[in-house]
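Look at the two complexes coming up: subunit A is in both, with subunit B in one and subunit C in the other.
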Partner chain A sequence: MRLETRKLLDKSFSGMGLIAIAIMAAALVLILSPIIWRGSKAFVFKGTIEHRRVMLEQYQRGNSERFTAEMAKATEARAPVYEMMAAFNAELKEMDRAKRRDYKDPYREVEKAVSVLLGPKPGDRTPVLLRQQYGQTRWDRALVKLHEALYSADWDYSNTDAMGVLVETPRANAFKGTKLEPLFDYLENHLDEMLRPKTTFYWQFITDTSKDSHFFGGIWPEVLGTLYLTLGAMIFAVPMGVIAAIYLCEYAREGRVVSFLRICISTLAGVPSIVFGLFGLAFFLNTIHVSDSKSVLAGSLTLSLLILPTIIRSSEEAILAVPRAYKEAALGLGAGRWHTILTVILPAALPGILTGVVISMGRAAGETAPIIFTAAVSVGAPLKLWETLSQPTPALPWNIYNLCTEHEAVDEIRHVQYGMVFTLVAIVLLLNLFAILMRARISKKLRG
Partner chain B sequence: MRANANTSLIMSTAASRRLYFGALLGKSLLFLITSLSTLAVFFIFYFILKDAIPFFKLEGFKEFFTSTRWYPSGHPAEFGALPIFAGTGLVTLGAVVVAVPLGIAAAVCLSDLLPFNVRQIVKPVIEILAAIPSVAYGFFALVVFAPLLQNHGGAILAAGAWLVLGPILVLMVVVLGDLLLDKLRAIKLSPRTLGMVVFPILGTLAFTFLYRLSAHLGGIEISSGTNALNVAVILGIMALPTVVSVSEDALQAAGRELREGSYALGATRAETIIKTIIPASISGILTAVILGVMRAIGETMVVWMASGNAASMPTPWYNVLQPVRTLTATIAGDMGEADHVTGSARFHVLFAMAFCLLAFSFTMNLVSELIVKRSRKKLGK
Partner chain C sequence: MSEEITMKKIDQFANHAVRPTASETHIEAKNFSLFYGDFEAVRKVSLEIPKRMVTAMIGPSGCGKSTLLRSINRMNDLIPSTHASGEMIFDGHNIYDRNIDVVTLRARVGMVFQKPNVFPKTIFDNVAYGPRLQGVKNKQELSDLVETSLRQAAIWNEVKDRLNENALGMSGGQQQRLCIARALAIKPEILLMDEPTSALDPKATAKIEDLIGELRENYTIVIVTHNMQQAARVSDLTAFMYEGVLVEFGKTKRLFTNPENQQTENYITGRFG
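After this line comes the complex of A and B, so read on.
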């Protein structure tokens, strides 16, 4: 091969490595940016007056006098809509039967679309479902619903070879010449007066309970459940893991028993998380009955097994990183072995151990598979501390799954799903950031 | 102990014995707690196997491993898990195809090419990729990636082909052209004139190939965005941090002397890495690949949310544009329904699947331990 070619190959080899790194970084950005961007919209968004009404009526939050004044303005803007509908109703009564039948279904759809947009018509009976008692609380959703009110969507399957094609026709066409026709223009042009969008900072999204299966409110039960599960797992795993690490580093002599222990620990680290879930179900719940149903306790126990190997390994590393001189000095001063471990080695290794603990906290907070069968439920109230021994809880990872696959109105509550993912990712990343910073401090200290 | 030291420096026999037994007691207590993790492994095997055996007793092995009909709620129920094994295999293979070349290239870059301070920036990127919860990956796959694939599938595939094959083909043209020039030395023409002929021909060939391939891919319509391709890509990204960090450790462990020896013989950096460093650290890289496979095969949430969960054989076997179903997703998805009928085959079949997963990961673990042990012996460390 010519020298130029070899040099070129060398350069392109470096280029490939750089491309790989770039792809990795790009993947991270591509995955995180929609989560952060759309997740933050669960907290900061254009809230309509209906949002403020929900806050006032359901969460007793906000200034009721100012709200009443604002609502009066909105009602004033909405009045023409209902007047037009009343006028059309009157017109409908005078029509002959056949015509009336033609208008019946389209008009019902319009009525429904308006009530979805603005809330139930004044004077109507209050609907049973909470989600139907209010109009659109978010301006972005309101625009979507406005579009649905203005256009009727039909699927055209006339070409049987291809997929169906969406055909949208303005609803106004159906009502040409009637008193309802101007309604559509009015809706389109006066929506902001009727809903009065305002940039809202809804930080209580984290601390509010949810109403009507996440149509309104926040995610507190899920956040609290995740905290319980994570801390519970830590309570079991940290002492066990640290003690095991101390034994492996300070007491055990390398031999058959220890290498067997190590194989077991690495096997435990390799067990798929769903298998931990099944084991938790079969052992903690069905065999030793730590609780009658799924519970936070059973979930924490299962999670603690999952993170045990991580904690053992990182604690071992931290203990081994303590300079030998520390230990020898302590022993030389006449301290016993146990005394040396407690007062010299552990304090010196503590930051390293904590780093591992914090990272595995993030792991425990984000794991879903082990808690599906042992701890998680889709809907629930925030638990009191003692209820964790016997009650299942909603938890962020499980409810993210549940809301984006099994919820009855997946598209309506995208912002809640994104908000949950954002919160979970933020928790995990903050924990990891903390660990990274701590590690940087340790390595600085060790370098002197 | 402190009290002893104050009164007299010489310890009485009784005190010494007390101390000895105390230490022994403490040590055995520590050993007991440590062996709890061992116990956990045994318990996991025992309890999974305990609930898996009734299935094999009821239904036997043959149907489970060879039949392609998976109708656990039918009458009579059929438990042919072959499509599920195939789906798991396909998804894992896809993840390996994504993660291994990318991961090894990134590891080489990290260990041999990047300066120290850039490495300090790249490392957290890997850590964050590893830290993002699997359900967040699943959410991305389902809510962002799947609609993209469904609506612009052809364009994405074509762009992917250009991105992946483009650089590789350019490189191949250069190398092949060079080799050809070497071979054609017999012809009495200057290398420059020959190069003017050889390189354009090869370049056109490569370009035509790529163009036709991407045109073909661009014409593909993906009927469902939740398919094996989607999951394989996301799983590949999830397995990437494992592959990168483990193989980077292996590459670093190969040591300075090897590298310097190779440079001294006149090799370029690429030749050093490919011909010396990678062969020297192949055991570590294999371990990295195995760990990556384990990560991909044991992952639940992403496949459950975004693989489409259709228990049908992919046809042909490499068809990644079809929805598939994996072992983990079946366990997670069916347990909710099977739980009400604890004791039936439908419940126990999930444990049988879990046992297969467990056995696989256990074997893989042992294999990687063996590889490490053997290479240590070989290197004499």
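After this line comes the complex of A and C, so read on.
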């Protein structure tokens, strides 16, 4: 081949490599940036006075005197709203029946919108649901709710050939000439005085329990559940996997049985995770009854089966990569086989084994399907350590799915969904970082 | 011409002190054969290795000399499908008997390999590895042992200030001497050396050879080497092997100056191999 051709080939190949890496990096940025940007809004956002009220009343956090002073100002700003409503109520009573009926439904909607925005009217009975006891805690949601209070949304189906068209009409139109008319302008212009938004750092999002199915509070039960499940899976899978790898590399004689075992392990690695979930349900829960209900224990066992092949494979590679010379040296000094493995081979293989462990740890933390049937519930309290043997737990991957699809008010808790995704990604990245550092330290120690 | 020069050199090299020959036998191979599967790598070898002498094994690549060496502490067991016939007698027992404890055998027959194979541990831990295996736990005793072994291996002065550094940071020659110290720390009776200087530069090689000269006072040394001049320099006895057969075995000086066998002569004069 001519020199120019060879050079061109070399160049184009390295160019292709660079392009591939650039595409990967771009994809990573594309995936991670919205997660970070929107996820961070669970931690840093404009919180209203209602948020501070929730913190104070539900989590006993914050300065109660300062809150009372601030609340007094907010109440002052809110007073005209309730005055206007009282005046309109009085006006209603004067009206004749037919007119009153006309106003009845629109007014009820306004009343509801105001209570969603600012919380229940002072003096009303306390609602049962926690979410109805408070106004909007986040300014971005408050603006959405303000819009809903100002405009009524209707669907126009007049064109039967097309889909319905959303028509928004200002509610003020319905109340023209009444004492309620100025209310809408007042709401629009004085909302920040009534809700007093302030940039809030809510890092306790991770360590707070949730109230009223994630309307308020944080995601601690999910975080804790994920940690329990991951660590549990590691406790079962790492020793089993490493021991199996040692057996396959050092003890087993190459033969039909061993190659069959290897095929089994490879196959196991390719089984869909939902099948592992079903197996966990059928075996751990229904057959050997490790617990009466779904539990962290059953979930950990199922996850450990899922990651076992990865751990065995990577440990095997790591053990085989240990120079034969080390083994010969140890045996030549009169070490037994087991001793050689323990003092020479395993320490030298540790970085490689750790890599496999980290990869599978990330997988165990993020896997959803195996825990649906064996461990996960959508709402629960943080578990104590011994409760993991018998109790199910909420966990990040499952609850992300659950909150995005099956929650009764998906739209209201977007920040929680993104916050969970952010936290899960952060946990996995942190685990990886920790293990990479540990690996680097061990490798450095080995290299001298 | 090359023949002449070689002979002259060998005359020079072989001039080290003549040692008493009436020495008791330490290891004896009787009709010993070793097979890799069907292949007979060592063919019915019989030889007696005397105590406290340096015995060199020379021969072209693949002649079975390394295999024979590794048979003495049964390192060949690591390779699947090997088996032996005949006898290899050490301390009155055939080491290929079924009731021989290989671990104890290897503790009595130390080995130094072709490439320095220090563990990725500290210098101290490397030397202390064997004694720790044997159950030495006392710290003072351990550090005494480490010091003696390192002194014996003539490396103490170079490493005494960095015993807690990783052994992989040393030069190749130092690593090989550390391996010797490590082997000496288990107080073996026999030291097997499988081409111990083939991966080293001439300076480091000279150091190792000097060391072998010192160690012969206390240990029985069997060394496999590709370098005939080295065999001539360091050994008392030399065995020449060819295609698994022991062709000639005798005093080094005699073997190099006046070989009985035509094959031996061809080999040491450089006609083949």
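Assume the second predicted complex is superposed on the first by the 404 of 448 C-alpha atoms of A that agree within 3 Å, B and C clash if a C-alpha of one lies under 4 Å from a C-alpha of the other, contacts with A are read in each partner's own complex, and residues count from 1 in each chain.
Convention: a residue touches a chain if its C-beta (ideal position, glycine included) is under 8 Å from a C-beta of that chain, and two chains touch if they have at least 3 such contacts.
All of these numbers come straight from a predicted model, not from anything done at the bench.
Student: When the two structures are overlaid on chain A, which partner does A:Ala153 contact: first (subunit B), second (subunit C), both, or neither?
Tutor: Neither partner.
Student: Of subunit B and subunit C, which one contacts the greater number of residues in subunit A?
Tutor: Of subunit B and subunit C, the partner in contact with more residues of subunit A is B.
Student: On the A-aligned overlay, A:Gly336 touches which partner chain: subunit B = first, subunit C = second, or both, or neither?
Tutor: both
Student: Could you look at A:Arg2 and tell me whether it touches subunit B, subunit C, both or neither (first, second, both, neither)?
Tutor: The first partner, subunit B, only.
Student: Looking at the overlay, what does A:Ile235 touch: subunit B (first), subunit C (second), both, or neither?
Tutor: neither
Student: Looking at A:Val167 after the superposition, I want to know if it touches subunit B, subunit C, both of them or none. Which is it: first, second, both, neither?
Tutor: Touch partners of A:Val167: none, neither subunit B nor subunit C.
Student: Looking at the overlay, what does A:Pro347 touch: subunit B (first), subunit C (second), both, or neither?
Tutor: Touch status of A:Pro347: second partner only.
Student: Indicate the residue numbers of subunit A shared between its subunit B interface and its subunit C interface, in ascending order.
Tutor: Correct list for subunit A: 334, 336, 339.
Student: In the complex formed with subunit A, which residues of subunit B make contact?
Tutor: 1, 5, 19, 23, 26-27, 30-31, 33-38, 40-41, 43-44, 47-48, 50-51, 101-103, 105-106, 108-110, 113-114, 122, 124-129, 131-140, 142-144, 167, 170-171, 174-175, 178-179, 181-182, 237, 240, 244, 268-271, 273-274, 294, 297-301, 304-305, 328, 331-332, 335, 339, 342, 350-351, 354, 357-358, 361-362, 364-366, 369
Student: Which bits of subunit A are touching subunit C when the two form their complex?
Tutor: Residues in contact with subunit C: 253-254, 323, 325-336, 339, 343-344, 347-348, 445-448.
Student: Contact residues on subunit C for subunit A in the complex?
Tutor: My answer: residues 73, 75, 78, 80, 103-104, 106-107, 110-111, 113, 115, 117-121, 129-130, 133-134, 165-169, 179, 182-183, 186.
Student: Spell out the residues on subunit A that touch subunit B in their complex, using ranges where they run on.
Tutor: 1-2, 5-10, 12-21, 23-25, 27-28, 31-32, 34-35, 240, 243-244, 246-248, 251-252, 260-261, 263-268, 270-279, 281-283, 286-287, 305, 308-309, 312, 334, 336-339, 359, 362-363, 365-369, 372-373, 397-398, 400-401, 404-405, 414, 417, 421, 424-425, 428-429, 431-432, 436
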